[in-house]
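Dropping a structure here in structure tokens format, bear with me for questions.
Going in written order, the chains are labelled A, B, C and D, and every chain counts its residues from 1.
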Amino acid sequence: MSVTYIDAIHQAQLELLREDKTVFLYGQDIGDFGGAFKATKGFKEEFGPRVLDAPISEDAMIGMAVGAAINGMRPIVEMQFADFSSVAFNQLVNQAGTHYYRTGIPIPITVRMPCGGTPGSGPFHSQMVESIYAHYPGLVVVTPATVSDAYQLLKESVQLDDPVIFCEHKFLYRWLKSASIKGDGLPLGKARLTRAGKHATVVTYSAMVHEAVRAADRLAEEGWEIEVVDLRSVKPLDIDTVLASVARTGRLLALGEGFPWGGVTAEVVSRVVAEGFHLLDAPPLRLNAKDTPIPYHPDLWAAHRPTPESIVEKLRELLNL
Amino acid sequence: MSVTYIDAIHQAQLELLREDKTVFLYGQDIGDFGGAFKATKGFKEEFGPRVLDAPISEDAMIGMAVGAAINGMRPIVEMQFADFSSVAFNQLVNQAGTHYYRTGIPIPITVRMPCGGTPGSGPFHSQMVESIYAHYPGLVVVTPATVSDAYQLLKESVQLDDPVIFCEHKFLYRWLKSASIKGDGLPLGKARLTRAGKHATVVTYSAMVHEAVRAADRLAEEGWEIEVVDLRSVKPLDIDTVLASVARTGRLLALGEGFPWGGVTAEVVSRVVAEGFHLLDAPPLRLNAKDTPIPYHPDLWAAHRPTPESIVEKLRELLNL
Amino acid sequence: MLTARTLENKLSSLYKGGKIVGGVYLGTGQEALSASLGASLIKGRDCFSPLIRDQAGRTAFGEDMLDATRTHLGSARGPMRGRDGNIHRGRPHQGMPAMISHLGTAVSVISGMLIAKRMKGELDGIVGATSIGDGATSTGSFHEGLNMAAVENLPLVVVIADNQFAYSTPRNRQFACESLLERAVGYGVGGVEVDGTDLKATLAGMQQAVTSARQGFGPQLVVARLLRLCGHGEHDDASYVPQELRDSLMGRDCLEVGASQIIEDGLATAEDIEIWRKEAVEEVQEAVATAQRERGPDPYEEDWRATSVEGMQ
Amino acid sequence: MLTARTLENKLSSLYKGGKIVGGVYLGTGQEALSASLGASLIKGRDCFSPLIRDQAGRTAFGEDMLDATRTHLGSARGPMRGRDGNIHRGRPHQGMPAMISHLGTAVSVISGMLIAKRMKGELDGIVGATSIGDGATSTGSFHEGLNMAAVENLPLVVVIADNQFAYSTPRNRQFACESLLERAVGYGVGGVEVDGTDLKATLAGMQQAVTSARQGFGPQLVVARLLRLCGHGEHDDASYVPQELRDSLMGRDCLEVGASQIIEDGLATAEDIEIWRKEAVEEVQEAVATAQRERGPDPYEEDWRATSVEGMQ
């Protein structure tokens, strides 16, 4: 039997709801309907008043969660699509993000963000949001790439006392399967060496981990050994693991599916050069999506985001520097 | 007679309103009251219906501006404080930012953002916003540091066919004076060499340009010649001017007043290392504000943001590397 | 109405046959409402920001059917050139903005279009209109936009299609008032409620509202009760809609009601309608065939620019 | 009320004397309304999210005066420890969240606090309350929050201080309805309108609303007409308020009206009030003196952490 990425998210929430009476769910269509992606299927039946359908009010959804957290609950808010969290941006960065620093009271809310592109989803159902939330103080930003991480990091996120932006990748929901939901137990905050190598390091996260591995597979045929580091969370960002990898390979490609200006890849490169300049044998490079809205047409979409082909190409450039 | 930074913004708007009937202003308290910072003083009298007081509806303010721009107007929207644009975030990045790419129709709106810290302004009246907007495709992000740039870049921004996030620094409003409003005519998109040097380059923008110059002055007493580059706009980001400077000095400090994760400084460092790795004699460093909300107390605030002292310290670190 | 229904049925099959990717969102059961709005507006003068379920209104307002088929099929020749899809299309310079997905945000955009016209002295006799669902009235955008339009006394018509559900969420989880028309007074705007399944009543109510707005009486709310006779999108079977509701008057098909009204009033015969239906089928076939023959956008020819002025990225 | 006025007068002089940096925002003229709210709530049980002009309500709800002076003066010992200032203070675990500046956002927060109580089975007989200005009703946050509370049928009281202006913006540039109470029906909530300058009337109206909420009748809107008798902040001379309005009944000082009502009803004599005034002055002096003696936060001792769990930044 195999477990999908969305199964893992479902299972994590199920256990959280069962284990902790202060956990509750809030989101559009998450009740009887089970959510747009069925991540909450069956919960309404079992947990009744702890699974609440929200009106189309993302700002109020987050404000409500903050209030509930103040009074001892651990809300999990489901955004129907991460793209719609733009409407809740203020409550996320200014209400939730500042609360602990200002008042000394932590706000254990988890906001589930179905992120990332799938063919035909277009400009408003495909966005990555990790970079804008990580920019603000006070928010933890988690970006699982594997089935077991989706499960384990979600559990850890909800158990954490601070607000977590939990970025789930929609492309992985049903496509990514695993024999087991149990992982290696790596805690939130630690990056994982997904694939060992010695010629170059690709640092990435979320769905791009798999594209990076594909690119590495192709280059392996030519004798190149590419190391792939999965950040798992972009804030905190486990720069030690990244530096250790760069120390081995001397070459860095920071890879992300988000827009190219700023963001995770820029943060990774900047930290690596500040702390590990001497480790580098070549200029560290970045590969992101293009600097336009995410196009609807699958052909444009495939050209907009990094693909195994464009990653291979970029890695060749890096290896030749 | 001397002109302040806010005078320059006032004058630019006055001329724009006089020269172009399609320019109009929208914002809270900008009518008879002349705006929270008096940037629109007297305009209601002269331009009547082209100066409209807005309700406390930042989302609608931007939506309205987009609609007006579609139908041929050039709205200037004043946010009372840049911090409140978080409420309009969605309309800015998803409505305004995507419009040209999706429809082929440019949206000439300019959003004036009173940014940055002043003592006692606290977490919600001090924020820098350039990094979140520059992250999104389709928005031009302008960050003037001088009186003449405030004037000239605002005029260019409004005349530009694309949406502009115009980041004015509140600390400069009345503190920064100049003998003349006329500048060197450098166009939007070009960075300026504010101060020539040969030992290290500080790349910065907005109010931090002045703090960098102060730091450079202090180090000059010890014989260090620090070059200061004023980006003027962070998107577009004039990497050529930055690279030319780094080519001269071999050392880079990227300096900003924003939060430290991601943002302008990370983008600058990442581009420099990608395109000018061989120019560097030392690891490029960054200095930003601290990773907490901006504190209210002036003593905390002064420790939260970069100061001439902390810039000097960071530059010494860089010079010793 | 008939054309829209015919077109949408075809789009649904194309989606189910894998020819349209992403999603297909239909207005089945809401055509009388949407068409009444489109038909009450004047193309080339008025502005109209259609939403998810407005194929009928688009057609009535004069949108070229090719815009629909090309956008759904991703043709490079459609108004969105493959950059956006399905209902996310428009021709802003022809008075029809291209919706973004974020609900409620069009209310202020259309208001801005009217404000521009006012400033240019072109507002006289003009109306702007947009549609919105019952669920989207819960957005801050809707509130801010309508309130702003009321303050500016704009000739705006906001049509609320209260189809009892937002995706799967029933109206009692969305708002606590009896009828959304009760919101009108709080915004200081006019309003009318109609039975959205009744073409004649809907058209009459719509024309009343559009006329009021046109005459300078400020924003008007039109609240229609009806049921969407399809899923939220064509991926959804709408099994959450209770059978009693489907069987109630609200579950009537406005197209059938409309047809009998037209026949009853002697405006057309059943044979006429049959002929229209056939004509619609032909028109749809042709528009689909044309779009299907056309290429999608070529990624290698794209300029990948999000700003119109060069060097601004 | 008297205490609040006395405290705020003092804060104003401290600001003008350069002892308080940033800004000072007062509730002068709104004390009857705010105090009525605070006094109708039960500390330790109810939740109250005060806004800009709620010093009187804070005091009546039981906020320690030192919280006010310490926060304004930036003492490290205040609840905000110098990290936030002036009115941006609270003690969330004592039922009083610390407002952020973004208007309207507290409505959903206080609703969330109530939802938590409901889930924990502690909601019975509890009320949550928040204040908001006429201007802030134009925010999407207000709309989303109140609508959500109505859907959840929460025991929430939202007090709208319609003081005719939002900063300098008069109400006719803010909304187009006659009275903001007209919004209640559209949200499906109860409501009452009061003359905010009349202490007795305001207290009666407030208690009615709080009681309704407490008894399970869902959210209640209290709309008070009044005038702010100070600037938006102490940097503002409010010269945009027309003299006729100041001279109207709305421009009455609720403190004076309240005093004569108390005397008239035989609840206290003029002498009693004089004594209270003196006591208030002393209390304020002491609270100010204490806060002034205290240190501000030491930047070198700050941990500069925005998350409670180590290693999460």
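Here is the rule we go by: a contact is a pair of C-beta atoms (placed from the backbone, for glycine too) under 8 Å apart; a residue touches a chain by one contact, two chains touch by 3 or more.
Remember, it's a predicted structure, so these values are computed and weren't measured experimentally.
Colleague: Enumerate, in label order, the chains that touch subunit A and subunit C alike.
Modeller: Under the touch definition, subunit A and subunit C have B, D as mutual neighbours.
Colleague: As a test of understanding: of all chains, whose mean C-alpha position lies farthest from that of subunit B?
Modeller: The most remote chain is C.
Colleague: I'd like the Å distance between the centres of subunit B and subunit C, where a centre is the mean of that chain's Cα atoms.
Modeller: 40
Colleague: Just how far, in Å, is the C-alpha centre of subunit D from the one of subunit C?
Modeller: Those two chain centres are 43 Å apart.
Colleague: Compute the distance, rounded to whole Å, between the mean C-alpha positions of subunit A and subunit B.
Modeller: 30
Colleague: Tell me, which residues of subunit D touch at least two other chains?
Modeller: Residues 80, 83-84, 88, 100, 102, 138-141, 144, 147-148, 151, 173-175, 305-306, 313.
Colleague: If I count partner chains per residue in subunit A, which residues reach a count of at least 2?
Modeller: In subunit A, the residues touching two or more other chains are 54-55, 57, 59, 83, 86-87, 90, 94, 97-98, 101-102, 123-124, 137-138, 235, 290-293.
Colleague: Name the graph shape formed by the protein chains and their touching pairs; answer line, ring, star, complete or other.
Modeller: complete
Colleague: Quick check on the complex: what are the subunit B residues that touch subunit D?
Modeller: On the subunit B side, the touching residues are 28-29, 31-33, 36, 53-57, 59, 81, 83-84, 86-87, 119-125, 290-293, 295-300, 302-304.
Colleague: What part of subunit C is in contact with subunit B in the complex they form?
Modeller: For this pair, the touching residues of subunit C are 47, 79-81, 83-84, 88, 90-93, 97-98, 100, 102, 105-120, 140-141, 144-145, 147-148, 151-152, 305-309, 311-313.
Colleague: With touch defined as at the start, can you tell me which subunit D residues reach subunit C in the complex?
Modeller: 138-144, 147-148, 150-151, 153, 172-178, 180, 182-189, 218
Colleague: Spell out the part of subunit B that touches subunit A in their complex, as residue ranges.
Modeller: Answer in residue numbers: 83, 86-87, 89-90, 93-94, 97-98, 101-102, 123-124, 131-132, 134-138, 235, 254, 258-259, 261-267, 269-270, 273-275, 277-278, 280, 282-286, 290-293.
Colleague: In the complex formed with subunit C, which residues of subunit B make contact?
Modeller: 22, 24, 49-50, 52, 54-55, 57-73, 75, 90-91, 94-95, 97-98, 100-106, 137-138, 140, 160-162, 189, 235-236
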